[in-house]
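Consider the two complexes below, in which chain A is the common component and chain B and chain C are the respective partners.
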Partner chain A sequence: MSFLSFAVGGAAGTALTPMPLKLMDDSSIWTQMWPWIPVPQDGEVSYENSVCTLCPGHCGITVKKVENRVVKIEGMKGHPVNDGGICLLGLAGVQLLYGSRRVKTPLKKVNGKFVKISWDEAVTEVASTIETMREKGDAHKIGCLSGTNRGTVPELLKRLLWVCGSLNFFHMPSVQDSYEITLRMMQGGSAMAGFDLENSDHVISFGSGILDGWGSPVRMFRAHSLWREKGARFIQVESRLSNTAAKADKWVPVNPGTEGALALGIAAVIIDESLYKTDFVDNYSSGFDSWKRQVTNNYTPEIVSKITGVDKSLILLTARDFGRAKNPLALCGRGEGSIPGSIKDFKAVHALNALVGNINQQGGVWAIPEPDYINWPEPTLDEAASAGVSKGRIDGAGKGKYRLAQSLFNRLPEIVNSKASSPPDVLFVSGANPLYTIPDTVAMNEALNNVKIISFSSYMDETADKADLILPNHVFLERYEDVPASAGLNQPITGLSKPVVSPQFNTRHVGDVIIQVAKKLGGHIGDAFPWSDYKTCLEETLGDKWEALNQTGFVTEADFNPTNDMSGFKTDSGRFEFLENGSVAEVLFSSVKPEGDEASYPLTLVPFDSMRLTGGYIGNPPYLMKTVEDTVLKGNDVLVEVNPKTASKYKLADGEKAFLMTPKGKACVKIYHYEGIKPGLIGLARGLGHNVNDRFLAGKGVNVNQLMGSKEDTGSGLDAAWGIRAKLVKA
Partner chain B sequence: MSTLDDQAKESTDEAAVESTEAIQDNGTGGYIILFFILGFIASLLVGWIAFPMALYSKKEQPVAFNHALHMDEVENGCESCHFFRDDGSYSGVPKLEQCIECHEEVQGDNENEAHFVSEYVEKEREVPWLIYSKQPDCVFFSHAAHVLKAKMDCVTCHGPVGEMESLPVYEENRITGYSREVWGKNIAGLKKNSWDRMKMDDCADCHKESNNKVTSVQTEKDACFVCHK
Partner chain C sequence: MEQVKDKKFGMVIDLDKCTGCGSCMVACMSENNVPFREDETDKLLSVAWMRVYKMTNRKPYPDTEVCYFPRPCMHCEGQHSGHSPCVSVCPAVATDYSTATGIVSQIYTRCFGCRYCMAACPYHARVFNWFDPVWPHGMEKSLSPDVSVRMRGVVEKCSFCYHRYQKAMEKAYVDGRKELEENEYQTSCTQACPAGAITFGDLNNTHHEVYKIAQPDHKHHGKSKNPKVFRLLERLGTNPKVYYLSSRKWVRQLGDNYRPDEIMK
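Take a look at the complex of A and B:
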């Protein structure tokens, strides 16, 4: 009784205190302060200009920071590539800085598990690995795979290999390689292909994903808008109704792999109807008559119609429109351009450009000179290095039938299997993830089984996971790096990627690591790297450009204008060569047959690209993944596009699960009935199915490269596979 | 007789029992009231005295700072250190960079200044100031709208901080983590001056008094999303 009365008295008294109200107020505030609720950074806002290196487009970016935290990446206004625009991947790039996928400290694999090591230990380990290889006389078995072959970082890697005794520097292949080879064959010399897109009034794209990531994606979007504004025509030749095809003025559905034949068919009509530019052909080209004979005899509209599946009347119409345009332009390279493709296709399309006289003309194809600012003195080699260098490259690039290629990493599985030459024992990997991005990942994985991989990856990707040693590089927002060239841009440009924030983790610039390893090795190797650190190397290399690059983020050659300049052909004839060395026996088109036999695999799998998926070495950041359509990825299930007629033939209902089988592998997929894909084909998005420790990326869909094979191009040795035989079986 | 006597005795006993019960009833009621009052007083003591003491922990600022002394030295009043940035945002508590403009080295023989220079300036560490007026993250407040546009002075909300020779002890609410200044020193929430509290009602009162109808363009009323974003 007494306790009850005490409690009642207490309750009555409490009601007359501020405690109930105060506790209620504080509790409500407390419930809004859970530790997992993200709180935006507060403080001073600042902006820094840099360059995005997440794709070969190399857009200028303006990074918005609050205090020392990056909060947004915007397109840099006034930049020649993107002028204020930015793509989805670039926008989501902040998550690549702060995301959980990063490697935070040097790691060494011990008994199958990664253990943290110090940077001193990591540098010593790399130096001793190189030293051991050199002592064994196996210096030539040190290889390096880099995401790109341009800029000071790839050059430093190449130089380290060279002074140690290896020429086995590889870079990831792309359509840029194909275009360089094409220009070398038809125009001579070493140059990059630039396209004066903005000034063209009629564009035919032979499978290029103009709005799906080809070239510099933001520039392509802007160019497409410009074409709409000024009434330029845009024709998309593609076997699938892609986003690009859907936005084109005309979609020409073609049998996959026959785009080159259609280009020749169009050329035949243009020749037949005398729509070609006689001035260019007569005065600046060589081998035209032989080429013309072949084209008009072998690629008539009737023949081409049979090869390509495109109606004869559509071929005639397309050819006439193209031939009559003032500034026509033809583009080549499938999808986003990650697979180089057949050189014959590129030559056919480039010859079509020449036929309408748009080489080095307004709205045409321009030869952009290679960057030439890296002029380091040639290093001296010791005996071991000379011996290693004399053994040449293991992929055969630069010699014999591969004389036009600079690097053929796609041949590695074949080299290992055939034992024709010694595979690398040690492989440095920088800015690349071959175990995800190179077709036939199973074969590539096997080929790298006995290779010591030393990765410079900033992220724990598939290749880093297989590595023996990871020396994590700063990400693009934390490091200095020169960025020469932008894919397909019509002017020479050099950009500077700058650190906009201090490194978030215990990472180190790959350039600094190379210099430190060289100094550790000492002797002539150390002498070849006279710089104290990478920044000094970069500053000295860029010379006069350094100041301007730091201020504006990029430098261009303002007076660059090759229009009407026909003196730049560096072929033997000094003219544009329609046929290589005037060879009349040259076959202009040969279909690259997909791997696998038709009886066992009646369908054909064709990978496709999308702006919402990055198929490169950097996997989709979380924000980008959220944009993927549910016709591509539903939950964790990947959907494959199948024409309803094909689906009906194999009794596959829309949304039904099935096994997709190719000669290379098998995967569980869901069926998506899509009338925009030709019957007999299966469309599968590139960029899914990562197997990494990141819940936003891993386990979503299937990596198409584990189902794809590689098909060596006869003209270059590069990968020319556009598809693979496949079948679908109900799950 | 005996029967009558017996009856008389019984009735006497019953009366005695009733009388005892009555006495006992009176005693229990007193206890009830006593305990009620005890509980009542105890809860009042807890609610008004013990609770506020328990709710707030007391923290010293990392550096002893004399606002009054600095106000004498600067030319532009509060805005000399608490300024608006070029983009109109408010800088709030000064960064070390600003302090270093004058205090790169120890100027006098004040041990607080020596501590500041050795601990923060030389080590290039930002001073982890405890901010009295910090609001929850869901509150958006524009200094520019109030100071630059409405021409309010700092004292209206922050009080005569510029005259203080030392920083008050920072009392941190153990539940919310915010300063006691937000709720106000008075645990009942009563205030004498406009700067005694910084709760939502205080914003609303001022807006009401000033008949401010520009916070929401659409409704011409104070809308939630004006401050809660």
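Take a look at the complex of A and C:
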């Protein structure tokens, strides 16, 4: 046995043995069997109907459960809003129920850190905060910001504030507010705007992202498909090729912010060529002649073409098609409608609807009565409360130049800075995340620095993180709540959101908390809340609707049909008002100029909405993040859309990093060359850049609201900013 | 007893109706226990059975047009039954073509992760699990027992929600039936699509909506007789069972590779 043969034999043996392969195989098998790979538990399957409240669309949902676990959310068949369809946020609702973003127990901030407290302590803390404010004579400095102003929960909050002595109840503004104001001005009375989309044969949208989240998204998708089937025309007026513009029969690229002028230009052509409905205009409207004179004199196709950048021939063609259609319909409100916008734009678009006589007509705009089932007796106010209430609202809503607005939370930074009226010392926040969703988050954050925030948020979001006290509400799958109205739906509907699973954590219904706080305060305050708990309150309030709601999940007014009913105008003249006060200036288009000077900021930043990113108070669940395209987010970098022409002017390559600067802030972004955006604009998606404790959402991209400013609309006081001046500098 | 007729389950996606919202993707993820990770922006690593691609006509502003292409597994039949690109290369018989349903299966426990099938699939419909699927604490409660959770090291893809077919068949057997109604077996994406852009059914059944729209010519490997309907990379001969409908020519043209001088039929 020589060393050589030993070495050769050894080498041959090592080379030929299957051992290495076997070990590799074994290791791959063993490493696939980790115990953390879950085996989903089997069990009895059941389905429960409820209503999704993640957006104002309020779709009916059917929740699939295995034993007591929610495994899937599906669209409810036969529901008037969505009939079986569902959007991706609704589908991902399960992840909001079980997600790590939940606030699991009441929390109190002590020395800048949250500590767990009991519910008794939390309720006592809230009650004593209110008590102290009232004793100081500062009851009017208690405010509340709610995601919505309809339904029993917002009403309970409003009532608590009222009996304590404050009228400062705010709700998050949206295009729904703009539409209500428009209807009040032109048709009188308070009503919501409903659109008979399904029966329209020609729809023109002035920047509304009707396939990007505007209105009730699923219903909008269904209506769009219906238009495709029956050959209805659909025109999108917008400066960016959004998903909506991409699906339109005709995309009318317009200078941003000039949509209202185009509406007036179209109206002028329709008047000029006598394409308007004389029956409606002559018999049911007032102020038409002076309105007509203004429009035809000031908005000739030539002038409008100059303002909007749209070819004269295209304006004529668009106007003629609209005027000649059988059931034309014009829509307003930019993107998904989270920023209310300029009332003048809405009035121009609504006047266009009136011109073609589609008010309360098939395929037109309907005035939907406000829900009226909440009829609680007026509470008795004690001395402190009366004193507080007499001080009125801090935002001026409902008075003077803000007489049309109900709530103007966007004015808060201005109020704090001007010291004109006293800002709130205590702010309840329910179903809202103003520190993320309101443009100019920096100013909002500063405005709230000296405010004690008491949050009812189910999730640890930006506002909850700044709060002094969090009393976590159940999420929508765990709680009862009435859901009045669906954005843009042309029939009155009330839904009932039901608990499909028992609460997963130590949370409590915000309605129960309000009642308990009131009872703790006692006296007139306690008397104003005679119910033992929220469910009793809800049951009594809904009365005979309760049974039906529990059975089917929704009730509608089957006989509601305002078509051809022109007696409904509640204006002084009893007619549709083209001019509210006969004032000429009202008609004229004035563009909302983006903040910043053109010399230092040659470009304009425009936020855009998409279905795959929620810009609202609930951040994207993990499944939604998966759907975000890599042309919007790559790693943690956000991409901004820039037209290749603009990009080459500033020598910015595709994928290159750059600094995006606006008068409000600066952010690092990546450049994405997109042909579908107008040269000179920068498109940035809403819904990124969250700063929350959720690794699937936090730190990804930039919150466009940090870079945006807010612009007060002269007609309403609501925010009307659609963009801001900006520049891009190579990083 | 009479033999049950073979099915050929397929899909037509109406690209005129599709808005690119992405609900089909989430409907699929939620139905099929698809895992998620912290960073999902590298789409080569991101596990998704259904993916929506955004295509443009590459024209400058304002003549730009955009179209969305939802892409599930095409469940290719090939030139003769079962000659799907992936099935024919799998060394482990981990993926197979069912002549009874026309569905290309994926058996995770057989797969050993060689990824030949991924290389063979011209549609990028298959994804590899590079990572262990981990659900944050508490979120495993949302997992459905109908679909097994996949482990690292295996390939996965759209199954046309085969478990829904199994459930529907079980129910039919209990009722003493051997055939399903059209609406008894629908995929999760079809059911969820808010635009109603997806139509699913049996391409062999002339009464099914999917047959009426797709109008497959079974003598010519399922080529559609509807001039607005096309399939992706049809000329490769993969014979996919997912059809697309578009009234726009440039969109139909994107479905295959054409020479610059070639006139699309």
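In this text, the second predicted complex is superposed on the first by the 694 of 731 C-alpha atoms of A that agree within 3 Å, B and C clash if a C-alpha of one lies under 4 Å from a C-alpha of the other, contacts with A are read in each partner's own complex, and residues count from 1 in each chain.
What we mean here is this: a residue touches a chain if its C-beta (ideal position, glycine included) is under 8 Å from a C-beta of that chain, and two chains touch if they have at least 3 such contacts.
Not measured: the values here are computed from a predicted model.
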Chain A residues touched by each partner, larger count belonging to chain B or chain C: C
Touching partner for A:27 - first (chain B), second (chain C), both, neither: first
Which of chain B and chain C A:633 touches, first, second, both or neither: second
Which of chain B and chain C A:273 touches, first, second, both or neither: neither
Which superposed partner A:39 touches (first chain B, second chain C, both, neither): both
Partner chain(s) touched by A:11 [first = chain B, second = chain C, both, neither]: first
Touching partner for A:70 - first (chain B), second (chain C), both, neither: second
Overlap of chain C and chain B interfaces on chain A (superposed complexes): 32-33, 37, 39-40, 42
List of chain B residues in touch with chain A within their complex: 28, 31-44, 46-48, 51, 55, 85, 87, 89, 91-92, 136-138, 173, 175-178, 183, 187-189
Chain C - residues contacting chain A, complex: 14, 16-17, 19-23, 25-27, 29-31, 33, 36, 38-43, 46, 48, 52, 54, 56, 58-62, 64-68, 112-113, 132-145, 148-149, 151-154, 191-197
Of chain A, residues touching chain B in the complex: 1-3, 5-14, 16-19, 21-23, 25-27, 29-30, 32-33, 37, 39-40, 42, 44-45
Touching residues on chain A, where the partner in the complex is chain C: 28, 31-34, 36-43, 66, 69-75, 82, 84-88, 91-92, 94-95, 97-100, 211, 217-218, 221-222, 224-225, 228, 241, 243-244, 246-247, 251, 253, 504, 611-612, 622-631, 633-636, 643-645, 675-679, 695-696
